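The following pair of complexes shares a single chain, subunit A, combined with subunit B in the former and subunit C in the latter.
Take a look at the complex of A and B:
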């Protein structure tokens, strides 16, 4: 497999716990950002665990209520002619402005339509952030950010781009909360990723992140990225867990000789959590596995980049948050429930999954 | 310059065809369950991929600005008693997934684009940069219901699929190349003046027309049919 190693330049994220450093610190303290919120926002409904940005309502507004947060996050992005010919932007999301479409259907307020499609929503963000037109819009459910990182790395590695910006955002709305609630995996229980218990559940979270990719130099390197789509079932993996292994095996070979930990997907669903923990335990038995969605919730299409930013903080500080929200017994002995303070790791494998049996993984290490 | 050689083309210009008619037309060869459950876009994509299905396993690039808009509209109307089936099917990029899950055909790299003023150019660039050979590039739209009336869905249905190889061979039907557009690269920061709209890209393929012109602010496309 041909990898396109790239330098992870400036990066940052925003979760309900704050920026990357604040999120990392809160996870180390074992804080849970999720709280029970009516699934349809002001329209009521069953209480479900959601992690909304401070002060943000689940109901979408026009203009979107998350715009100030996005602008605050992007103040950390270095100045460059983003959206110019040699500075492509890759915007990824699984939601875009679908919350506004829901509000339009509910209220008939036409102003919501200005954000209701991916193109309209990204066009709005691009104008607000001063981007040019070289913007690709990518959406592959909960591996959206990972696909954007792969495409950005290829443009940098091919010499077509001096730098590439990947920006991802997923802000919750009754549309997405209602959808997952209908699937019965978003219920009134808080998620406990990788914990062997009677009932599985997930929590959802607001999230946004960015990363600037450059040709390899000093600092953090995304040494390799892989994708794999099992196409077995929309919402289930084959019972042998083979897809998890097929996705990470090339990276395991690439990481030979490194001491790794794994940032898993770990939403809190039982079957997927067991398959993931067991597969990683078989292939990487000496690598501790952690998952953070029991605290910050599943940030959907953005989780791959949101959690990458937190993983960088973990590597930088030598302190890795444990699997917040979970307790013994876990699906595998490799699941780390408590923070890891052993600073001897020199890389992390970050994994994500999505509907359709989609897998994505990347290897982050120091140059 | 980036180039690729088209070894397969499938197109379906369903236009304003009624969804029930599309379903009836494309039913042949499909399982009854799939032809009943699949979205209109899923049926159209399944139809154009039929001749290239076995080549999708490496890299498949997919483009649709609006995706499963009819299902999305139906899902919105189920609130406050949301349908789980409509929810999962409405999520981009389900059209290719519906087809591949039905046939249990895995794809190593599935790269779905979701709109933008230069959708075809962005997706084509991704296809040409993929190390895989061949790459399948497919996409399309389904005509929306009430969402089309308010401009947030396509007003016509269409689908296409291409197989792209890295070198010419006996199966070559056309040559595609992307070349940097003229002028100072960093000055080209506008929102794609002269960019090619997604339906126009489909029309090029459907009519097998040669083309040499700008498809985005950054790229010129050459398309020559043999």
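Take a look at the complex of A and C:
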């Protein structure tokens, strides 16, 4: 696999805990953003753990209630002719405005259709943010942001783009929460990623993030990215965890000589959490593994970039939040439950995975 | 005498999952439902759980509990007998 190293320029994220710095600080304090919310919003339903942006309701609105938050986030993005020929934009999400589509079905209010499909939703965002037409829409379940980062890196590395912008977002709605609730993996328990316990559960979170990628220079470098698909099953991984290893092994070789920690996927489901923790423990036995979805929830297709922004804060400060929400026993001895203060790490491997047996990983380090 | 719920569940599996080539009576009571002859996968299991909750007014709380419930027809019948309001069930 040919790596396309790129500089990680301006970047930022939004979670229920705030921006990247605020999220990092709150995670270090062990704060849990998830709270129990009726799964159908104001229509009621079972209470499930959700981490919504402050002041935002789960109910879908027209225009979407998340627009001011997106605009606030993107004020941190440097001015450039985004969406122009040499400045492509990659927009990624797993859900886009599907909640609005559901609201249209429920209420017949045509205004919801302005956000109810990926094309309509991204067009709306692009107009609000002043982008040109060079905007690609990318979706691959919960590795969507990672696929966007890979495509953007290829454009930059090949010289087709001066800079590339990756923007990712997934805001919750009753439709999305209801889907995971029907699968029974979103239930009334708070998630405990990598914890060996009787019942698995996830939490879901609002999330959005952006990153500007450039040709390598100083500062943070995404030294390599990998994607891997097991082609095994819609919702299950093969029992040997081979896909986790296949995805990270090229990056482990690339990182030879570096001292790494791992930001894992760790949603709180039992099978995938065990497979991930055991696989990483075997391949990278000296690297602590942390997961943050026990606090900020699973931000779905945006998690790969949302958590990358928090990982940058961690690497920069030498203070790595632990696996909030989890307790011993863990699936692997390498799982770090408590925060780590250690300035000697010189890289982090960030991993995500998704329905369909999809895996993604990237290596972030200094130039 | 066999539990009449047993036959009802087998019919429900066939109807819900549209297993048109399968005679409900041919489904074995103790055969695992997932990953064996019926080829039920996790998406099928989701459909089945939704149908069971609707028909019998039960709540399956987690994916682990759904795996227990869907262990076999016998296991499913026992689970429903334990969780459902008896007034919604045929007498055993």
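Criterion: the second predicted complex is superposed on the first by the 367 of 367 C-alpha atoms of A that agree within 3 Å, B and C clash if a C-alpha of one lies under 4 Å from a C-alpha of the other, contacts with A are read in each partner's own complex, and residues count from 1 in each chain.
Simple rule for what comes next: contacts are C-beta pairs under 8 Å (C-beta built on N, C-alpha and C of every residue); 3 or more make two chains touch, one makes a residue touch a chain.
No experiment lies behind these values; they were computed from the predicted model shown.
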Note = Partner touching more residues of subunit A, subunit B vs subunit C, is chain B
Message = Taking the superposition on A as described, I'd like to know which of subunit B and subunit C A:35 touches: first, second, both or neither.
response = neither
Task = Determine, under the contact definition given at the top, whether A:101 touches first (subunit B), second (subunit C), both, or neither.
result = first
Ask   = Where does A:317 make contact in the superposed view: on subunit B (first), on subunit C (second), on both, or on neither?
value = neither
Ask   = Given the touch rule stated above, what does A:57 touch, subunit B (first), subunit C (second), both, or neither?
value = neither
Ask   = Taking the superposition as given, does A:233 touch the first partner, subunit B, the second, subunit C, both, or neither?
value = both
Query = Is A:182 touching the first partner subunit B, the second partner subunit C, both, or neither of them?
reply = both
Message = Taking the superposition on A as described, I'd like to know which of subunit B and subunit C A:22 touches: first, second, both or neither.
response = neither
Key: Intersection of the subunit A residues that touch subunit B with those that touch subunit C   = 182-184, 233-235
Key: Residues on subunit A engaged by subunit B in the complex (per definition of touch)   = 2, 40, 43, 45, 81, 83-87, 94, 96, 98, 101-102, 105-106, 110, 113, 116-120, 122-123, 132-141, 147, 150-151, 154-155, 158, 160, 174-175, 178-184, 227-235, 243, 355-358
Ask   = Mind pulling up the subunit A residues that touch subunit C in the complex?
value = 46, 182-185, 187-189, 198-201, 233-236, 269-270
Inquiry  = Help me check something: in the complex, which residues belonging to subunit C touch subunit A?
reply    = 41-43, 46, 49-50, 59-66
Message = Which residues of subunit B touch subunit A once you look at their complex with the stated criterion?
response = 65-66, 72, 75-77, 79-80, 82-84, 87-89, 91-94, 97, 100-101, 103-119, 122, 125-126, 129-131, 150-152, 180-181, 185-192, 195, 216-218
